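Everything below concerns the one structure shown next.
The first chain written gets the first letter, and so on, giving A, B, C and D; residue counts start at 1 in each chain.
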């Protein structure tokens, strides 16, 4: 099909999503067609959805769509709001900016206070804004849990507390696309009203399914939401046997979902979170070393907010992140993430979410170190050693 | 996972979509994750899209979505129309009815002249309506090429001619979901402005991708269409490297699409159409025999409109189609389609589209005959024999 | 890779072995490499072997080889006999003839009384020969349970009784390659001392594994057997953790075996036997009809010995079975078995063993009927109808 | 199936064989059954065998067996020799010892001069022995190219020269199981008469196929060889269409072989050799560092003979290699090879053959370093750094 010579060995996929798909999930999805209305399939389907709810720590409805995460954003807006509704969505990266732009397009009055992308919003500013909203015009606070573009993760319980501090009835909406099944997440304990997620990150499935999990309060809000919708309409979905989807229900992803849940629960979801933390910390130890000699740096300026699922690495002035990515990919078969939009060329991103272990992350970090060296990017050597030291003690 | 005893042998999947997926397509999709922005993937992607255009007989744009066919309907409405626009969409089955309902929901003035579901609209009535529309309020004529729910296929060149006869500038929109790569279809030759299709029928892929192919005239109409859209917005898509998708681009389906195109072109798309006709005709020979003894009947009352991709079989009064389906599925591992919505229990449907050959259809027809007998449904025996006779001569 | 146009739809594989492999077995074998000495693998391995013993109805040793069935024949000879030993092996088809030739090559005194290939040996002749062997020179009676080349299945309990009637201590060796997990088989109940089997028939795995299951008495005989052996040496095998194989232990087939056992036991092995009988009988009803008009005939002349796993169909004088096979394969994608060696061109064989159900066999029989017609071979039509009639009543 | 918690991420398989199987090979083998006598399959088969010959740099016959490498050893002995024949087989590790034991079992007069396992035989001793054999009793010199158990690779052209120096007509037999498609190998240029190989190492296939490639001179010797054989008989094989196998021909491995050849030739076989050298050298740089502090050491004492496909690492006195392997496997999902037989516990082995690249080997070496540390095994840290340094310059 192509005349390029083969690159031997496995591709190390270290983009922050989609993520590596375990072989057993790929095989589970490699199945002949069955009738999505048959009880045999619905049995599989129900198992998958029940598992999804356990992993989200919710007992409410989960609406699933054939779409990417952007579709789930759209579904969530369409089903919860009416034209002219006000929402508060602090902008702290490419994805929160895009979700906000979408809300505007759908006619919402979208307040998007700018924040330092290297740090994200201060919960206190949310309390402040909500306190000022005496007439409760603000219908929802929308937060991207983990900004995939910047590697900044926010403290959701702190934001919940910030809303509570204002005694404000706004819904609390969270995009958990690049944090779900990677970072600790407890929908009901944390008082979250709508959660947007996708199949292609911590769930270790291909892109193609996205979902919104909703609280009772959100379902109630849905009843009076008048934005136009059809493909993503929750009311239509609730009338169907699957309680999700408008139109054809896809089959293979649900075989994959059942296997994904089995894998995550076999490891234990809390162990999954711990593993993400451990491998992320190994990555951070390496980046810390590399940042010597006026070299590369963490994009996220607040150590407490550095994400356990993705690390964005900032280039020194005058160096192009794409050169590093190109060496890693062309010579060593390691795929790193690039900078999105305004960050293009300024950062590369190491994804460390999903189906990952120590040799995978150490192999990846080795190649990042090699590529920095070959690209002539300022850095101190020894990052991999530091990661090994950390893991030996972990 | 389940304690039900295994049903041996292959499931014969004779639902009218999704369809049987060839093993080589399943394997092509059983691949590790790659970066959807990498040139290696874009090379695959471009091959798939180029093939799709060849199979549609178009050289225009094709916008692809992560969605089911309902999503593509929504995309097509959102991108071509403005609130209050009038469209003409003859209702002739479950799917045309649903597409029309969707258009209404989005604020279009949707004219849906009722027709006999067993036959579908008369092109002359379209000419008539368009001639009456002196001020060209009607922006589009929307047709479902092949009503999956009824097994009625319409003559698209005749409808094109009907529009031309009125010298009316309306766009010509076609849903080709259950006809594409099964029935003859030539987008440009037949003057079609927008074609809605999906992955899960003639393309022999799982559900998950849907698309709209558009003419220059439709692209022009898009520029002034003001319906709200984001996830499905063609303008956003055209600005991207892939010229499709808003958000994540799914990877495995494009490996599948390249293989699908390879298979269809290896056989030859005109041979694919001929094969569908031959196997459909074999099916019809069987149904004709069974319709003796005041037995089952063709749902489609017009022999010229009986679809080459699906045959809906009408039950005699007092007999439930579900009983036949249940025997076929539970005892013989053959999955037939049921009646949709108002036709529930009144028809069962034999899908004969996609990756099918003589032993598959004869095995299926044998089980239908067995199941009719075991269910005590009036019919004359010998349907399979008649199919064999036809195929011996074909 | 090839420029031949694609043949659409599934290949119907109706050769009498290898057989159709269920998708779940193929997927189970589609796994990355693991260490065959690791406890994780040995756990899988042990599960597979335990299941194999349950299906054989034995509690003894089973020695497994990376080889085809011919290798297992060789292993069985090498491990049980010494040069010059006499064995009794009635010749009744291509496979018993070959096994006998092999025994001769290894220096055994192999008595191979000729029998009518269309019927096989009479148990009384075995009693007679053993009674004549007053000095117990005959070390073993070797029987091919089911002659794949002729479709003749022998009554093993009757042969056991024939040996017992002579009060002769000979070992009772059985080739169960094309009967295992298809025809009733009970190793211990039937007093069988060594059973030769393979992976590629009733077990529904690819070719590649073969085995010998042995009784205590056979293990005892092994101790004094002096034929040279190494790769197939049971003593070496018993000294290893796996108690099988000399050298590398293959990994994927054991994942497949565990799944095969799961499928067979989910259906129930006695149900598997019953299903084989039912589908074989459907086939025989069709052949019975076709044999009208001085047409094709059963190769097996004794109705009670017609095999439930394969039916050999004899051509009328002057007609070539290969012409029928070619039409079935080239035009209809159905692969039938041909005649082996002296039977080349005189018979074709319909395999009905392994993972098979009603629509598969009816699809196959339909194509056989079509191919007979197109090849101009004398036969009466209506075979498929007769099969349907039988199955409706079964 | 097991209640053990899942180990996340990919298993890093760093055993010296079987090796990592590329996904595209696994998928190519994940195919439904076809008739191994059909022209469609024979086309695939012939492509695979032609490629195998190109990779061996031979134009002669290649006999393929359903067996492990031990079966190919047996085949080679049985087909080339007669009882009492003398062969010279220097013993330098577990595998040469076993092959020699097998030859003795088959009645050959097997001379097995002992050598230092850490270095292997000196070619001069071969010349010497052959010169002493004035009557040319020695029929063959048998060499294991690469001792998988010790990581010692021999210089085949030097051994060829050693035979030539004696002007001795002995056949030159080589076991290339763990060197083929990894180390440079040129059958015809190097005057090799019989080459034993297997599927499960450089060919990156599962175990299950093994082969002997033979020269004209070896084929001539075969004609007068009288050792008993049947399953492995070359004469029988040459009479068959496939020119290999006695009995059933396995299907999936040949789809795999075609893909294997495609991958190797896409990379270029000489590039494959270079890559193996580069990754082996990176491994050696790490081991060299670790060998500081009276730590672990190379088992192979001669730097020029350290294998490019496997490195055996010797433990310091009083330390158990199994403890290191257990940590690597249980905690980090990295499978290393253990010591075989007399070397049990004394060495662990790092396989670096087959489908491998820089991040895979660096990930593996990182875990070896971590495991040495956690096991408290004396070594100097910094091995991975040294490997990175080497690769940066390579």
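Quick note on the criterion: contacts are C-beta pairs under 8 Å (C-beta built on N, C-alpha and C of every residue); 3 or more make two chains touch, one makes a residue touch a chain.
Everything numeric here is computed off the predicted structure, so don't read it as measured data.
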Comparison of A-D and A-C by number of C-beta pairs in contact, larger one
A-D
Per mean C-alpha coordinates, the chain lying farthest from chain B is D
Go ahead and note the Å separation of the Cα centroids belonging to chain A and chain B.
35
Centre-to-centre distance between chain D and chain A (centres being mean Cα positions), rounded to whole Å
45
With chain centres taken as the means of their Cα atoms, state the distance from chain A to chain C in Å.
54
Which residue numbers or ranges of chain D touch two or more of the other chains?
10, 20, 27, 30-32
Note which residues of chain C are touching chain B in the complex, please.
5-10, 12, 20, 30, 263, 266-268, 271-272, 275, 331-334, 355-360, 362-364, 366-367, 369-370, 373-374, 381-382, 384-385, 387-388, 391-392
Residue numbers of chain A touching chain C in their complex, please.
23, 27-28, 30-32
Chain A partner, complex, touching residues on chain B are 1-2, 4, 10-11, 13, 15, 17-21, 26-27, 29-38, 40, 43-44, 47, 65-71, 73-74, 102, 105-107, 198, 200, 206-208, 228-231, 245-253, 258, 329, 335, 338
